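In the two complexes below, chain A is the common chain; its partner is chain B in one and chain C in the other.
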Partner chain A sequence: MVHSDRGAFTVKIIKIKDFAEFPGPRYRKLGPCSGEEFRDSVLEPAIRESGVDIQIDLDGAFGYGSSFLEEAFGGLVRLKIINAAQAKELSTHIKSDDDPTLAEEVKSYLTDAIDGLEQKAR
Partner chain B sequence: MIIEASTLQTLDSLMRWLVALTGWGMALWGWRVRGRQSREIADHAEVNKAIDAALERIERLEDISISFWKDPDAPIVPAQVGAAVDSCIFYTQQLISLHPSRELPSTLFVEVRKQITTNMEHEARGLDHQRTRISRLVRMTGKLKREPVYKKHSLTKKRNPDDLK
Partner chain C sequence: MKKSTVSPQLKKKIDDKRHWRSIRHTKAHEEARLQKHKEKLYRDIRSPWAYEVIAPPKISIYNPRDHERTVIFLENLRKAFSKHLKIRICFRDTKEIAAAGGLLFIAEIDRLCTHYPHVKVDCTHPPRRHHGKFKNESYVIESILNQIGFFKLIGKPERKVQSYPTVSCWQLSQGRVAEGSIAGALINQIDEKLPNIAKQRLYRGAIEAISNCVDHAYPTMRPDGLKILDDRWWMFVGIIMDKLIIIVCDLGVGIPSTIPKNYSEATIRAVLEFLKVSKTNDSELIHASTYLNKTRTKMAHRGKGGKDIRGLLDHYPGANLGIYSNKGCFKDGNKITKSGAKHAFALKDEQKKSIKGTVIEWSIPIGELSQ
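Right, the complex of A and B next:
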């Protein structure tokens, strides 16, 4: 994890490549470096410590599967680690210069998870 | 008489210079036009080559993902499928670096990756289980191949409206 100064704030930067160069499946039971493991061991502790004032850097890792991304980010909303407003803010803190489609996909999972929760609440 | 002869000589000399300079000017203009055309053709050929390479990657992605989902015994591991999607995006970005006015079809790539890689580690494979997914992914890769980013340049003088952007 890296810290970077953004104005007066210190922003925590989470680089996925530090967790896994080749991200794995959705669940822990399916293999190493899963989305579930990334959410529970990296994302959740960082959010508990700093809120959503973190930047998530997707660059440097290769071969993302949609399940990994959905479980890691959509799971944050489903498990109520973050609320809808925080999810919206987090979706603007995703960095993915190597493959811009990844950031877009993560945003879609956060939005879908919010919609899912709202539908359940009705 | 002497003055007239001298005037004629001067005029003759001027005409010769004029013809010579016009000739040089036209040659220079032709050379520049030809150079510009050659550069354009070379650029277009390079872009067309990059389009071919990107389309080939999409074809490969389509083949590998259909085999993966259709045949439970296909010797393909999920990482190969994920890498094939990455490869398509990488080659498309290479194409865009040659022709920056072209846009990466991000939304469609997101849909293609979702369709191909969602739950690929644990969902049942085989035509009976994945018929709908296979149909969707074939339609999506077909749509992807028709995106404007993969439209080829004509190498003849007839201009593509996109070139003027």
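Right, the complex of A and C next:
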């Protein structure tokens, strides 16, 4: 984890590369470096500490399966670790210079998870 | 002496005698049977003769004729391992080992050798062939068997044969859990010059296919009657005819068996109606599974993997996807016309015999990957 200054605030930067060079499957039971493990051991503690004022850097890892990304980010909403407003804010803090479509993909998972929760609530 | 005149004491004596004689005979008979069985086992082990399984001319599942012959060969192998102590696999007729068939064969051998360690496996080496204009000697089949680790699996020393660049790039690996580092290392080994974005796309498809194997392929025992618990997956990466080939294989229950467990009946019916399919044979169910993945599983957030498995076709117009599961075969890809227009096509084929597992294969032209 790295800290950088964004204006007057210090922003925590989470590099997925530091968690795993080869991000794995969706669930822990399926294999190492899973989306579930990343969410529980890295994302959730960071959010509990600093809220959604964090930056998530997707660059440097070998690649991502969509299950990994969906479970890591969509799971934050489903497990109510963050609310809809926080999810919207978090989706603007995703950095992916190598493949900009990844940031869009994560954003869509956050949006889908919010929609899913809203549908359930109705 | 008449029966009626026999005294009760004498009758009891005779009955007892008969009773003990019958026990003696049964025991002797059983001992003789065991001795015979022991001798047979000993004879089998000592005998230079082994049960022979003949490999087909083409170990391949790409066309119906080869598919049937390869599946029969694999069935014979399973029968031989379960019933005999010594097996010899004969490659005298084998002229070709294709990628998907080769991976299926090595996965089957790996599974059988692991679970029947007492079975001695030998093989007759494939004969040299004469290829090309000058009819040069060629040891391609033996080189392939070396490369895919067949001789190591059966514990037979490898012979040094000429190595072929088209074969030496083949890489194979296997695992029990969805470990990204195995898939990543294989993709890296095959061509380090590939751009990162291409590697990321290949990795994405591979890790999702492997996750599917771990998550769905082994809900119950494989229906081959062997009662073997082996929940591994196998992966192959290689370059064949200027195309990068990635194959992921499992020896599980197959996609057609897992669909009813993972999707609601209404969803399956809706997709089949959308595809205008009335029959539900294996190839139709595989085709439906690619749509089911696009729609939803019983848990709405899941089922994103299918998108990744088909994703390479969207990025690379020359790419093809082949899914072989049980008796079904589904091929998806793009046809590029002379005018350069891209037309998507999907082919379905129902084979006579089941491979009892799933093979997912991508082939992408190297030229497109390097762009």
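To be clear about the criterion, the second predicted complex is superposed on the first by the 122 of 122 C-alpha atoms of A that agree within 3 Å, B and C clash if a C-alpha of one lies under 4 Å from a C-alpha of the other, contacts with A are read in each partner's own complex, and residues count from 1 in each chain.
To be clear about the criterion, contacts are C-beta pairs under 8 Å (C-beta built on N, C-alpha and C of every residue); 3 or more make two chains touch, one makes a residue touch a chain.
The structure presented is a predicted model; accordingly, all values stated were derived computationally and were not measured.
Engineer: Determine, for the superposed arrangement built on chain A, whether chain B and chain C clash or fit.
Structural biologist: Here the two partners, once superposed via chain A, clash with each other.
Engineer: In this superposed model, does chain C or chain B come into contact with more residues of chain A?
Structural biologist: Of the two chains, more chain A residues are contacted by C.
Engineer: Looking at A:Ser108, would you say it contacts chain B, chain C, both, or neither? Reply first, second, both or neither.
Structural biologist: After superposing on A, A:Ser108 lies in contact with chain B but is clear of chain C.
Engineer: In the overlay, answer first, second, both or neither for which of chain B and chain C A:Ala20 touches.
Structural biologist: Only chain C is touched by A:Ala20; chain B is not.
Engineer: Going by the contact rule set out at the top, does A:Gly74 touch chain B (first), chain C (second), both, or neither?
Structural biologist: Second partner only.
Engineer: Going by the contact rule set out at the top, does A:Pro100 touch chain B (first), chain C (second), both, or neither?
Structural biologist: first
Engineer: Once the structures are superposed on A, label A:Phe62 by its partner contacts, choosing first (chain B), second (chain C), both or neither.
Structural biologist: Both partners.
Engineer: Of the listed segments of chain C (9-17, 135-143, 153-161 or 243-251), which one clashes with chain B in the superposed model?
Structural biologist: 243-251
Engineer: Can you pull the chain A residues that chain B and chain C both touch?
Structural biologist: Common to the two interfaces on chain A: residues 22, 24-27, 30-31, 62-67, 70, 99.
Engineer: Can you list the chain B residues touching chain A in their complex?
Structural biologist: Touch list, chain B to chain A: 78-79, 81-83, 85-86, 89-90, 93, 104, 106-107, 109-110, 113-114, 116-122.
Engineer: Give every residue of chain C touching chain A within the complex, in rising order.
Structural biologist: It comes out as residues 177-181, 183-184, 196-197, 199-204, 207-208, 210-211, 214-215, 300-302, 304-305, 307-308.
Engineer: Per the contact definition, I'd like the list of chain A residues that touch chain B in the complex.
Structural biologist: Listed in rising order, the residues are 22, 24-27, 30-31, 62-67, 70, 99-101, 104-105, 108.
Engineer: Under the definition above, what is the set of chain A residues touching chain C in their complex?
Structural biologist: Its residues touching chain C are 20-27, 30-33, 62-68, 70-71, 74, 78, 98-99, 112-113, 116.
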